[in-house]
Amino acid sequence: MRTDGREASELRPVHIESGYLMHPEGSVLISVGNTKVICTASVEDRVPPFLRGSGKGWIAAEYSMLPRATQQRNIRESSKGKVSGRTMEIQRLIGRALRAAVDLDQLGEKTIWVDCDVIQADGGTRTASVTGAFVAVAEAIANIHKSKPFATFPIQHLLAATSVGIIPEEGIVLDLNYEEDSKALVDMNVVMTSAGEFVELQGTGEGATFTPAQLNGLLAAAQTGLEELFEKQKEILGDLLPLIGQ
Amino acid sequence: MRTDGREASELRPVHIESGYLMHPEGSVLISVGNTKVICTASVEDRVPPFLRGSGKGWIAAEYSMLPRATQQRNIRESSKGKVSGRTMEIQRLIGRALRAAVDLDQLGEKTIWVDCDVIQADGGTRTASVTGAFVAVAEAIANIHKSKPFATFPIQHLLAATSVGIIPEEGIVLDLNYEEDSKALVDMNVVMTSAGEFVELQGTGEGATFTPAQLNGLLAAAQTGLEELFEKQKEILGDLLPLIGQ
Amino acid sequence: MRTDGREASELRPVHIESGYLMHPEGSVLISVGNTKVICTASVEDRVPPFLRGSGKGWIAAEYSMLPRATQQRNIRESSKGKVSGRTMEIQRLIGRALRAAVDLDQLGEKTIWVDCDVIQADGGTRTASVTGAFVAVAEAIANIHKSKPFATFPIQHLLAATSVGIIPEEGIVLDLNYEEDSKALVDMNVVMTSAGEFVELQGTGEGATFTPAQLNGLLAAAQTGLEELFEKQKEILGDLLPLIGQ
Amino acid sequence: MRTDGREASELRPVHIESGYLMHPEGSVLISVGNTKVICTASVEDRVPPFLRGSGKGWIAAEYSMLPRATQQRNIRESSKGKVSGRTMEIQRLIGRALRAAVDLDQLGEKTIWVDCDVIQADGGTRTASVTGAFVAVAEAIANIHKSKPFATFPIQHLLAATSVGIIPEEGIVLDLNYEEDSKALVDMNVVMTSAGEFVELQGTGEGATFTPAQLNGLLAAAQTGLEELFEKQKEILGDLLPLIGQ
Amino acid sequence: MRTDGREASELRPVHIESGYLMHPEGSVLISVGNTKVICTASVEDRVPPFLRGSGKGWIAAEYSMLPRATQQRNIRESSKGKVSGRTMEIQRLIGRALRAAVDLDQLGEKTIWVDCDVIQADGGTRTASVTGAFVAVAEAIANIHKSKPFATFPIQHLLAATSVGIIPEEGIVLDLNYEEDSKALVDMNVVMTSAGEFVELQGTGEGATFTPAQLNGLLAAAQTGLEELFEKQKEILGDLLPLIGQ
Amino acid sequence: MRTDGREASELRPVHIESGYLMHPEGSVLISVGNTKVICTASVEDRVPPFLRGSGKGWIAAEYSMLPRATQQRNIRESSKGKVSGRTMEIQRLIGRALRAAVDLDQLGEKTIWVDCDVIQADGGTRTASVTGAFVAVAEAIANIHKSKPFATFPIQHLLAATSVGIIPEEGIVLDLNYEEDSKALVDMNVVMTSAGEFVELQGTGEGATFTPAQLNGLLAAAQTGLEELFEKQKEILGDLLPLIGQ
């Protein structure tokens, strides 16, 4: 039994509130246990220079935490005048994951800006960001579709992410909270589509290593969690599911 | 009648939710109409260098907007690598206002970090920040008081802020929303204590000027709004009011 | 009697030297007591992006202090790599004040860059900057007018600024020097036109508050000082006064 | 057959020159095909603040490319005034990988700074950096050991990294050069110890996804390459191998 | 005859006003023709880390131009967030020159901060800065000497600087103004002591080269100008000359 | 005899390896004793804004050191977020020197980016950079010439640089290594063409001064070294010499 009473392969409670803010084309508040992230999707009618004239769209992601999202207050990156390596790494991951989930040729020359702002952190903020941002992006694309329908809707599968890890006494666990994450020997983030294919796999031994057998166990645990996340996304996406072919 | 149907001296609906986040010593979500701000107060057991050994405390404030708090997405200040003049001006105002509301000698050598993060903006974000942050700071100080009571509680009055302005067809109005703010000829922010004294007064002709008579009209409208804000704060502060001498 | 022998409502000696530098379209050295500021106005034949094609002009202001303008040497903002909040706040005030004094529609698509560089500081640098910069801007606009006359001269009133405050033993005083400013309970900057209308009013309780009655006393003292400043500006503007309708 | 004539699971020629520079405690020039990286290890007798007094050591890594290491010249990050997200991501990977390969408790309170400077880039610069930096770190630790022997040598396994990917016509390939990397559908970096355990696994679908079966194929190809890299490291480490228990 | 009517080896009129500002330990306004620079010397009772405990002092110099010191307005380096290469080069030159003129062992563990702020530029700002700053530093050191006399006064010679160059029609000229500087083929700055020894010599072919014979001609012209500058410095230093052994 | 056994006017061994890297249009590895610098020349088909439409070309130089090029590891300038004054000074010197050696009118509207990256430092890095960069630039221009011949080849003389100095016991010496440089009383860099004309002369008394007689001795020593460097350049340039008119 884990310190918060969960089974090894049990997710924390997940809630997704869509249409959370008035201005963005798509916006959700996602909570995974005590981790809470506001994810917004903003549509811009132009693309970065390297795509101009290509007919293709782009998705760019930014990630940040409120200073007191964490136990100790963090100095704002705007005050420090630079974005940390951790933030860069996370926002690059979110952007890559979403670009893999959307057919950018179908999207056309538009940029979707994804902003994931963590208002409360208790582990798993990057995977909650991917899972929530996917819903915000789907809403934003559906909004474009309403005024000017796509020949083929640019999303054809769901996309979600979760973390798995190995912790000293429990072994392989799903969806680590902050306390578990702090003592994990191995930490792995898995981003997958609802078609069961990997989009991103990042496994790291934190001062430790892991065997091919352990890799298989980690992937199996992730699979369990991702299926539950896809169900949550289906509930919240509702009317959009036929567009996505689900 | 104003475009949103309000009377000239009518505030928008105000809601304050306290204890909004799990980590900070004080935290609220304040909404004033569609403007929504998360205000947190974080206690640190040390003070800036110029106060070390003085026995006095300090309050420092930071203000930010989520990129899509506004109609158009704004570039993050962390990406730009610097904080804008507008942000600087606002966070200096919030800090000064709260320092005037708290007896820093009674507080002792502690710093309270106030973070105001606007998640949705529709005018009046700086005054909503002051009004909400006061509640968060009061909660944080009450939390210190619980574990180690103050001889005299460092807060003895409430503090709130509102905006007033002159708009082309309506004349003097209270609590401008974004649309009204955009066309205002004169814009004034008033920060006051529940004892009826000014803490800060900032009036600006936006390409226009205002007469001493108009100044009096603006201050009267502000007074009306501030009294209502103090009532809201009293509701939410509840058990803390006797400590504050209210 | 104040420590420098002045009455409560007495300005320090004010001198304005116009045509101070060879390159700028307008330039003055203003001294208010020991406070000395070089104010220049530079005309540029284009406007910021948001005004292009609008037919309107713009005024932008920058403020700085030489490192040893003060008792203790300050680190240059260019060395720190960023502009402080105080500087931002001051240069935004100067810009807003001057834009309110000039008819930007009449000016046409030009930008006037105002630079206020404090070479010696003894309190009141921001109000001396506004008062001096107004003269430099008037000179610059008169220079444009000489080569290509305006239908209506874009300035129709004078503009000046002064500070008032409340200090522990003297009460309300006009034009605070540095020593007075350091101990002031309340500090207020008043920017006004020669038509007697406010352009900007910024009053701050420095760890204190002020009553509506005190506000009236402060405004009355400011009025006294501003009238004297308008006289000084008239002396120095000389031939330009008829253009300004004075 | 690949465009450079290699088999699917064939590494490019690998050369490691140790003792490459006169000043660092460890330094190598590693070339993997046309990719060339100078890796240095510098020993400092102190640790970051969070480890002071812990008795533990630390390894920090930095990565950079000469401006003309690439086909098109890149602007220096020192000129841009900030480090890119890509650089951050890579140097964090190198640091984590090496920290997993060294027993930081045995190392004691020392920091090893690893610098990987790419002088010529043709794909696989991050994995070449890990493979080369491991040798430089081993040399640096052996140098410490000479003057003050460790009870247990802090390294007990070799560490190397390689890339695998899926490219349109060839399918799964090992050690992608720049041209292959540009068209890869899936790109995976694998860092492993000579004990056959994973240290880091980063697989990314570049606008594509990959199945669990493809994951197994990629890991098998990586295994082949890593064994060859361990052989190269053994050749170059020579006398140090008994210390490492090889 | 030069465009401003001077002979080839004729300096522009030089004025030095000492005690120019109230706060600094030493301050002058130097004008060389239309070039005007405020030079201040600020004494700090500590030294940079590399000199702590050495008993030796230090002199650090900073140089800047007001935005409208020049014909075209320059963007402030504080707004750009970084100091230009030209500024860096000039302030390093000023610092080195003054450190060579002062016996830092005699000075003891103090830092003298030299600030040279150009308020009007017409060529030769760096050499005017050196010549003026020397006087400000001498004043500052004399001020230290008054309260706590040095065994040996740390300055034993005067220090001045001038520019010489080769311009297309005139050949070798002394003290180039901006117009001459713009068309110069060769530009040389010479810093010398009143003992006739070089402190710094910087000669640059601006897209041209110069022969050893031309070098001798340039040095002779510089010598003429420097002797006149030493005379000006002697006038202004007056009572301090015996301390300096002049 | 010097500590490394050289005569006073003896250069350290010089090696220049051309065509060192695969991507740049010109690239060399130059070693002067233990000082090693990679110099590359990159051709870009456009010029800075101030030259557009002028028909003239440009040469821009950047200089950097690997963090462990030196005895003590240096923090990267990209991590510090700014380029040091020393780096700025050096890269401005390299750029000016090369622009004086190339006929920019003949070059046409192209920019040659010169990058000098020091991989091992033992004194004289800036002069080795100039000497090596000249060869890289000559190669790059010869490469342009091959595909599209110039009417007149833009280089007509060789360009090289060396250092001379005065050290306490040896007096005037040529080509100072790091140890000699650290104790030098006078340090001078001389950049010259093979026609025997100066391009740049920078002499600095390091807390000392030098007489006109010593200046002549320093220039004579430099001359000796430069002649040897021109011989080395001729060897390596080989087939290009007739183009350069040598």
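First chain written, first letter: the chains are A, B, C, D, E and F, and each begins at residue 1.
In this text, a contact is a pair of C-beta atoms (placed from the backbone, for glycine too) under 8 Å apart; a residue touches a chain by one contact, two chains touch by 3 or more.
Going by UniProt, the chains are A, B, C, D, E, F = Ribonuclease PH.
Since the model is a prediction, treat every value here as computed from it, not as a measurement.
Looking across B-C, A-B or D-F, the pair that copies the E-F interface, with over half of its contact pairs the same by residue number, is B-C. Each chain gets a centre from the mean of its Cα atoms; for subunit A and subunit C, those two points are 51 Å apart. Averaging Cα coordinates per chain places subunit C and subunit E 34 Å apart. Contact with two or more other chains is made by residues 81-83 of subunit F. Order of chains round the ring, counted from subunit E and going first to subunit F: E, F, D, A, B, C. For subunit C in complex with subunit B, the residues that touch the partner chain are 82-86, 88-89, 91-92, 96, 99-100, 104, 188, 193, 195-212, 215, 219. Looking at the complex, you find that subunit D touches subunit F at residues 21-24, 27, 34, 38, 40, 42, 44, 62, 64, 66-71, 73, 76-83, 87, 113, 115, 117, 119-120, 122.
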